[in-house]
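Below are two complexes that have subunit A in common, paired first with subunit B and then with subunit C.
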Partner chain A sequence: MNLFWQILIDGFIISSIYAVGVVGFSLVFGTAGVLNLSHGALLVVSAIFFWFFVSNFHIPLVLGMAGGIIISVIVSYLLFIIVINPIDKSKKIPQDEKEVFVLTATLLWSMIIEEILIYFFSSNPVVAPPFVKGVLKIFNMNITCNEILLSLSSIVILILLWLFINKTRTGKILLAASMSHDGLAISGIDLKKVYITLWGVYGILTGVSGALLASFLGASPSSAGPLTGLAFSVVVLGGLGNITGSIIAAFLIGYIQTMTAYLISPAYTPIPAYVILILILMFKPKGLFGRF
Partner chain B sequence: MLGKSKLIIVFIAIFLITGVAPWVVSPYIVGVITMAFYFSVFVMSWDLLFGYSGEVNFGPTFQIGTGAYVTALLNLNTSLPIGICIIGGTVASIIAGLVLVAPALRLRGPYFGLITLVSVFLLGEMITIFAQYTGGEIGISIPAIITTNQITNFYLAWGFSAISAIAMTIIANSPLGLILQASAQDPQEAESLKFNITKYKILAFSVSALFSGLSGALLVIYLGTVSVSLVVSIAVVLQIIISAIIGGRRTIIGPVLGAFFIILLRQWLQPLEQLSYAVVSILGLIVLMLLPDGLISIFVGKR
Partner chain C sequence: MRYLKLLVFIVGLVFISTSAALAVRPINVAIIAEEGTLVGDAIVNGAKLAVKQINAKGGVDGKPIKLFIYDDHMKATDAVQAFQRAVYDHHVVAVIGSWISEIALSLEPWAARLHTIYITTGAASPKITEKVHKNYRRYKYIFQLKYNAIEMAKTVCNFIHDDLANYHYKTAYVASENAAWTQPLDEEYLKCLPKIGIKVVGHLRFSPNTTDFTPIFSKIKAKNPDILITGWAHTGLQETVQWHEEKLPFLIVGINAQASTSDFWKKSNGATEGIITQAEGSPAPITSKTIPFVKSYEKMYNITPAYGGYTTYDAMYILANAIKKAKTTNTNKLIKALEATNYVGVMGHIKFYPKSSPFAHGIVYKKGLATGVMLQWQHGKLETVWPSYAATAKVFIPPFVKK
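This part shows the complex of A and B:
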């Protein structure tokens, strides 16, 4: 019985953090049609800078987190300006090969970030200090207050994102862009401004979740690849570009991983997500709740 | 298509110039070039699949790694002769290639690319989980060695790379190559012309896996060691893709140029240590964005 509660609560904490970690990825695909293979690298960037600011300058955690988010937004814009936009506008690259070029270029981008991070910060994993101390006892289990705070923050961020997309004008424009670029242009909205908003929001979302990750599991430059793989599995399972679907899928995969860790062995934790990804791509490429 | 006669000239030039290397450059550089020959076969096999068959393969190391590890494990755990271990590894690599045929037939470009990428992640995880057999992150050393003579090793790699280049160029320019290109550009049309796409895809994947797996097996025997960072990791995948793009896709010979360029550049940048990888990746990104037809397009003109 104890094991049941353990899986239920641990699974919820992990799943909620996964959900925040992947919505940005889903948003960028839905709105700009970009499959960003450097997603994991961006998460690691904000996680490592958050840790670096806090442990080097001894500033309050919230300030360090803000620093990590700013770096993440900068890297997100750099990706757009240096890689995504030029490929989109390029006349040399054949139209039908652009998707492949974006995949290859973002994978390269991921590798560049990873190597530069290893050069400056080494490949050792870093863990940021907890936001709050203390341990709660629930159903005979010890759960740190920090984990509870991280999980609750994740839920709050998801609610804020939902409100942003559905209730503000800017958010509604992003939502409209995910449905039809032409329709948006006809309504007199500049697509360039949409992209500027999009990559900014993406940077913030990924920056925040990178910080959560640093405080929860820790991160190292070499986790970039596996994190991208995880984000892919979740987003493909939920249906590419469907944010609600991604969140539900994050909980499915989070719980499956937790059960694998507790019932089989922690060594096997990464496997189910990959197997699910392969099965979904093979048999139901639109995912559980796909629109595309 | 690029002018065939120009490609043949580039091919002869590469293998003649490199052929005299053991008498010109230092033994250390001879070792580096030997590696580059095996690596060039990885890149050519990748080009055969992507350039001609349109398959976005982000997982060339799934085949290469399977071939290399099976060869190493056979050699380490059985008393079979080296030749049999190499054949075993190559067969395993072909099987790994065939595993990818089913998704290739069902999925469009980027989605297939994701499957292949995941196949590399999965292989990496498996190697870590079965660390007691595979040596995990560190890898394993094996007893087998064909010869310790550096010059023999060099010419073995030289000959293997040249033969592979000739074989794959012939295949790419044969009716098979044309059918592959046709079915990549318009599968429905190719099918309506009564071409059995499934059959040709199976052939393309088998040939690609045959050469890359054999090259992986030979590389392992040459080095006497196998590890994830040598034949599996995403960094290796990227080096293969960058080499093909820098060299010039859809030419088979271009990728040999690219492979040499990347291996020698990495050697030259060695003093930068970890940063050398970043520089190579940045360079790959620049060529990818500004010169999508590769360096070979400078020598032999635009397509």
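This part shows the complex of A and C:
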């Protein structure tokens, strides 16, 4: 019985952090059609800068987190201005090959960020200080108050994102963009402004997620690849561009990993999730919940 | 006649400049390391510091040492390419470095094929020297200037026996990351712990990519051990932070390579308080050379050395001495000179095991020669707690750990 509660609680904590970490990846693919392979690098950027501001300038955690988010927004816009937009506007690249070019360019962008981070911060991992201290004993488990706070914050962020997309005009435009760019253009909406909003929202989302990751799991430049891999797996499992599907898939993968660690061995934690992913790709290529 | 004078002048000029060039031809040495990692950076820094000092004193018999530094990006393929480049392009006398056993093992066949001396100053797998023992003629080029994993486990057990006896700890759980060097480490832990009266209540190995240690700590906590025995090098930070934040009641003792340098306090936001780890060296009077070395290193790099700094610094001096003794850079003669090493360095009194030993060309692990040290983070400072002659503080038990 104790094991059941351990898996339930631990799985919920890790899954909620995964969900908030991958939702930006899904949003950008759904809205702009960009499969951003530098997603993990963006998460790591904000995580490392959050740690850097707090440990070097001894500022309050919230300010450090804000610093990390600002850097993440800047890197997000740089990605759009330097990488995505020029490929999108290029007349030399055939239209049907642009996706491959974007895929390659974002991968290279990720590698550039990773090398820059290693140069300035080394490849050693860092962990940001906890937002709150203390331990709660639930079902004979030691759960830190910080983990509970991070998990609840992740749920609040997901709810706020849902409200933003479904209840605000800007969010509805982003939602419409995920359905048809042509339709938006006909309605007289400036696509450029849509993109500017999208990459700003994406930067904020990755900034917040990166800070949460830094406080719970820690981060190093070499985490960029595995984080992108995780986001990719979750989004494929949930259905490319389907935000709700991605959130459910994040919980599925989080729980599968937790069950593997508890019931089989911590040495094989990622393996069953990847096997399931391959099976989904083979038998349900549009993911569990399909695309928008 | 005028043309003849001019010809003589030109020939003379060419002769003088060639002789001058030959006279100062440096001794090329390659460093292959994982730059950007704590231990990899320490390998590079230790080598640079030693070379700076050796060259400042006139080099090796008047010849300066020139370093060629390669970053292998923690990949065996990059390391092999670097090894080949070092030999073919830079004609190095020896290659030093790498703290990853998988990489050191992948370089061994190349050292044998290219007849080039390779000294690993960071990799701990005993398989490295086992090859030398089993096929000396082929693998005589390889040296391991670092305690192997079996000896590291022995150090941990000796420390528990000597320094933790007063606390009457009876049980331990062994948890190591999955890597080549931790297999023999764990095997030795499982052998040596019962011998010192510690019952092993559990043993697990986890993926080096693990970031969430909650399930692992839950498993460990269920067995209620007094001590958690570790084998961590690729990992270390997340476990340390989670242990500290969850206030888990067992003491962490073993190998936590990342915790062996001053930077770790900042990286873990002080969560490393109370962590005990084995290391090759520390800012302590291990020998008369240790503290001056640490001071010079800190002055130059603003950080205390990780273990790779101690080993590589000694490796550079041992190589320089061997060249002096052999009076040549001929590989076979140099191997003989290295085998005869009897050198007091910063990590202890260094001798290499003979080819008859299963650890052939590894450093002799013995009380009175070199045994390594045990370090503990105490109030933001990395203290040496074992062996007694080098200790700078006594063991401290964190308040949330059972006593």
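The rule is simple: the second predicted complex is superposed on the first by the 290 of 292 C-alpha atoms of A that agree within 3 Å, B and C clash if a C-alpha of one lies under 4 Å from a C-alpha of the other, contacts with A are read in each partner's own complex, and residues count from 1 in each chain.
Basically, a contact is a pair of C-beta atoms (placed from the backbone, for glycine too) under 8 Å apart; a residue touches a chain by one contact, two chains touch by 3 or more.
Since the structure is predicted, the reported quantities are computational estimates derived from the model, not experimental observations.
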Joint occupancy of subunit A by subunit B and subunit C, clash or fit: clash
Subunit B versus subunit C as contact partner of A:M282, first or second or both or neither: first
Touched partner set for A:A267, first subunit B, second subunit C, both or neither: both
Touched partner set for A:I173, first subunit B, second subunit C, both or neither: neither
Which superposed partner A:T258 touches (first subunit B, second subunit C, both, neither): second
Contacts of A:T144 with subunit B and subunit C, given as first, second, both or neither: second
Subunit B versus subunit C as contact partner of A:P226, first or second or both or neither: both
Touched partner set for A:I87, first subunit B, second subunit C, both or neither: first
First, second, both or neither for A:M111, with subunit B first and subunit C second: first
Touching partner for A:L212 - first (subunit B), second (subunit C), both, neither: neither
Steric overlap of subunit C with subunit B in the superposed model, located at which of 21-29, 75-83, 147-155 or 381-389: 75-83
Footprint overlap on subunit A, where subunit B in one structure and subunit C in the other make contact: 118-119, 226, 267-268, 270
Of subunit B, residues touching subunit A in the complex: 56, 58, 102-103, 106-107, 109-111, 113-115, 117-119, 121-122, 125, 128-129, 234-235, 238, 241-242, 245, 273-275, 277-278, 281-282, 284-285, 288-293
Contacting residues of subunit C [partner subunit A, same complex]: 34, 36-38, 41, 74, 178, 204-207, 209-212, 214-219, 221, 237-238, 241, 245-248, 258, 263, 266-269, 271
Residue numbers on subunit A that touch subunit C, as the complex places them: 6, 10, 13-14, 55, 118-119, 122-130, 133, 135, 141-144, 146-147, 216-218, 221, 223, 226, 258, 261-262, 265-270
Complex contact set, residues of subunit A against subunit B: 35, 37, 83, 86-87, 90, 92-93, 97, 99-101, 103-105, 107-109, 111-112, 115-116, 118-119, 225-226, 229, 232-233, 236, 267-268, 270-271, 274-275, 277-278, 281-282, 285
